[in-house]
Amino acid sequence: MSNSRLFKLRAGPAFRYLVPIFSMYAFTVLLPLLISIYYSVFNEGGTKFIGLQNYILLAKDNDFWFSVKNNIILTIFSVLGQVGFAFLIASFFMTKLLKLEGLHRIAIFLPVVLAPVVTGYLWSLIYNYRMGVLNWLLNLFNADPVLWLDNPNYVLYSVSVPLIWQYIGLYFIIFLAGMQNISKEVLEASEIDGATWFKKTAYVIFPLLKNVMSVALILCITGTLKVFDHIYVMTGGGPGRSSMVMAQYAYNNAFTMSRLSYGSTISIGMLILCAIIVLIMSRWIGGESEK
Amino acid sequence: MRKSSSITVKLGYAGTNLIVFLFSLSALFPIVWMLYSSLKSNKEFSISTMSLPSSPTLENYVNAFNIGNIGSAIFSSLLNTIITVPLIILCAFVIGYFFSRIEFKGKKIMMVLFLSGMMIPIHALLVPLFVQFKWMGMLDTRFTLILPYIAFHLPVAIFLFDSFIKGISREIEEAAYMDGSSFDYTMFRVIFPICLPIMSTVAILSILGTWNEFSFALVLNKSSELFTLPIWLTFFSGQHTTDYTGKIAGLVLTSLPIIVMYLFFSNKIMTGMTAGAVKG
Amino acid sequence: MLMRHRKMQMLLIILLIVSIALIGCGKNSSAGNDDGKAPSDKITLTIGHFDIDDNGAIFRDALEKFRKENPEINLVEEAVPHDPYRVKMTTLGASGELPDLFVANGSMLLDYIPKGYVGTFNEALDQDAEWKNGFLPNSFDEFTTDGKIYGVPTAMFSVHVIYYNKELFKQAGIASFPQTWEEFTDAILKLKDNGLTPIAMGNKSNVPVGSVLFGTLADRYTGTAWFKAVKEGTAKFTDPEFVDSLKALQKLAEMGAFNPDINSIDGDMARTLYFNKQAAMIVDGAWAVTNISRDAPEDIQKATGLAILPAVPGGKGDPMSVAGGSGWSLAFNSELTGAKKDAAIALIKSVSGQEYGRTKIENNGQPPVKVEEYDQSKLSPLSVDYFELMNDKKFSPIYDIQLSPALVEVIYKGLQDLLIGGVTPEELSKKIQSVRDTMK
């Protein structure tokens, strides 16, 4: 109790710090967002107020919901691939069995520093039908080459791999940092009790990393829901609409199809959907940890 | 130590090392492949994609330096990053600190406004921001991109600082106040250093975001001397449409500065992230 | 201690990189566009374009020449590659911050004209009869609204040409280019049996198949009258003739006429397949005449013949027509007045007059002007063939220039879907029509 009073009493400087930062943020992010909403309730060209007409159109837009579906699939992959794998690998680092820890750490994190555009282009070369690395490997085993980016049945999986590849390192480092902050005594105690790697990871480390885990999940989910650059470079959402994601769909509408107003509508729709998903997620994570 | 576990330990030892080794390899290989492919001629690349260059050539790089102003592009990218990142850390820390420690009117709303920034698709802001900047006469200057870059990275950075500071015990501040330190002193001199681990994460994310940003750099600036590296890269690949290895050299050139920086600081980053460990 | 140490290191690194950067600047600044600050009495003209690759060399050279001849004009190029250019122009167009001069196609102009951003050329053209009469007939059509001319064409050509390798055709037992649709599909099967890719195309950006192949194919079935009716709203995309053309494209895809990676490579990579004799045909615009004449191996250049799609059974279209016209134009900002406007017009004249046309045609390009006299010997055989091929051909509409961008995107993306079997012709035609219905 006395704590909160102390902090309340000292809230005076709030304005000195909060107001300038917030107004800068409001000018550069919130005001453009408002203008974007304004665009979305006017017709193309901005001559006539049309109310929520665009939003009704969006709710019925088959292609939009298709890209939402793709986004959700990509998000599930990313959560499993990026956060899941990263946690697993980080837990290996806690076993003390590993040689060359430092080098592994550097290697695993390295893809994170590449520009998304670079990753996208690099992987489209790796996926290239005629001279890509993957088909070269298949050829070694006398297997038929695969149309990694052309076949609508697995193009979505193909584009999810570079996403996972690039960002595993980020979550790995976050988890590693978290794990190294767990007190040595707790870990040693569990080792003396004879806990296996699995038991130690699942019952000791994991519960202690709940907070780090939820931060990682939120970062991963919000990041993947608005993924754009990788897809834009590799497929542009194609072939057809098979790897279309929301951000690419909004971009196409605003910039390729000259439908700025509908493009803005998609972006706002995207924001709302993301907010709902994140809200559900954080409720769920929050509820879990309260138990 | 139990005797029965010695075999399992050995197996576990081999297994763990193997798995992590393969994993590192898969992370590293595409980058290594990119590096050595850039030293090949285009002809050699199309004959065999995987082989090491038989006679390494720097021709692709020589070409790269002849196209556009790569020097000024590196300079612009660097300047943007150097100015932006410390400001992001500072602003995000302050906001994160207020959110996690201090009650004030409108805090909830402010939190929602800041954190929803994590979910805004960046292209939605492109046209409106351009219109605003034009109206304010802020287009096409050396510092045009600074403001947007700070603002776009704030939400994630605030989110990270906020969740980190929540884990710091309040007793530390209590003690500082008891010793008679002021609010500012407590915030910047007592709490800020403790945040070193999360600061590294924020710094990495904002450096990468700033260094690699494309769309706003394209639209808000038009003078060629203000172009950043990603813009230079599109020029470069626009002129090398059939030249695979030339393009790859362009990719290497845009990535190399940041790879080198990372390799140089990797240990510092890691110790930064784990140092000053606050036991929750 | 640790902190200070780190700061020092950071400082060192920064110094190192900055000095490298500065060296780079110093080296390149002499080659840069603007040599130092312009004196205040200089007129500054900005021009937005995307001609940064090899094919744009002639255009860039012409700008350079203009710069030399007009030292009082400070010409600033705002050039970025095509895709970023479109994003940039959309954004600039949303607030009227367009460059003084810019390259624009018909649909971009349609976006800008109602907002009053684009100046008209009528007066300038009327004042200079020689310039005006130099242009090919109909070359202004796509940039004219209500009799007002908003753009000067930069080229006039067919977007549909089939480049085929005569040697490979012979090896597959095909004596000459097929004259009927049946012969055409037969030839495709024969080429395929010979282990070749019959037609190589790079459709990653989803424009090539639609623009270069389908526009002409559809016209074979529907005829140009139908297209005009669709634009006016009296015909529909669900009409059987249009569905038939979609079916024809689908059949081509199903019989394996295209390279399997058609949707993940770009046009340049497809051309490489043709250069390597892996593909017997490429379908591309007339601009590929320039590319092939410059980049293809000697034997390929010799073996290449030019053709167009044959007539289709029951088609309403003229089999002698190809999709074509003058896609891109140079336009100027309506805010220009006085000396600045005169300078802009002078610049546009220098890249659309006789002299420029001659340079262009002698470099195997397709200028929008009738070039009175030029050195025929400078033309590549392919270029000569092209002009011969075009002698008796008529232009039919280019979809991506005549239709609104939104409709184009739906059709072209849909064609990608059709090629991979993701949608049936009937479904696609309904989808296209439903988008058409949302427009006035």
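Letters A, B and C mark the chains as written, and numbering starts fresh at 1 in each.
FYI, a contact is a pair of C-beta atoms (placed from the backbone, for glycine too) under 8 Å apart; a residue touches a chain by one contact, two chains touch by 3 or more.
Note that the structure is predicted; figures quoted are calculated from it, not measured.
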Chain contact graph, described as a line, ring, star, complete graph or other shape: complete
Pair of chains whose C-beta contact count is the highest in the structure: A-B
Chain at maximum distance from chain B, centres defined as averaged CA atoms: C
Chain A and chain C: spacing of chain centres that average the CA atoms, whole Å: 36
Whole-Å gap between the CA centroids of chain A and chain B: 15
Residues within chain A bordering two or more other chains: 254-255, 260
Where chain C touches two or more other chains, by residue: 87, 90, 94
Chain B: positions in contact with at least two other chains: 46, 126-127, 131, 237
Sites on chain B touched by chain A in the complex: 2, 9, 12-13, 16-17, 19-21, 23-28, 30-31, 33-34, 45-46, 49-50, 91, 94-95, 98, 101-104, 110, 113-114, 116-129, 131-132, 147-148, 150-152, 154, 156, 159-160, 163, 167, 170, 174, 177, 183-184, 197, 201, 204-205, 208, 211-212, 214, 230, 233, 237, 244, 247-248, 251, 254-255, 258-259, 262-263, 266-267, 269-270, 273-274, 277-280
Chain A residues touching chain B - in the complex, by the definition given at the top: 3-4, 6-8, 10-14, 17-18, 21-22, 24-33, 35-36, 39, 89, 92-93, 95, 97-99, 102-118, 121-123, 125-126, 131-133, 136, 165, 168-170, 173-174, 176-177, 180-181, 183, 194, 197, 208, 211, 214-215, 218-219, 222, 225-226, 228-229, 246-247, 250-251, 254-255, 260, 263-264, 267-268, 270-271, 274-275, 278
Complex contact set, residues of chain C against chain B: 6, 9, 13-14, 17-18, 20-29, 32-33, 46, 52-54, 77-78, 80-82, 84, 87-88, 90-92, 94-95, 97, 266, 268-269, 271-272, 295
Chain A - residues contacting chain C, complex: 45, 57, 124, 127-130, 147-152, 235-242, 252-260
Interfacial residue positions of chain C with respect to chain A in the complex: 86-87, 90, 94, 107-108, 111, 114-115, 204-206, 260-265, 404-406, 408-409, 413-414, 416-423, 438
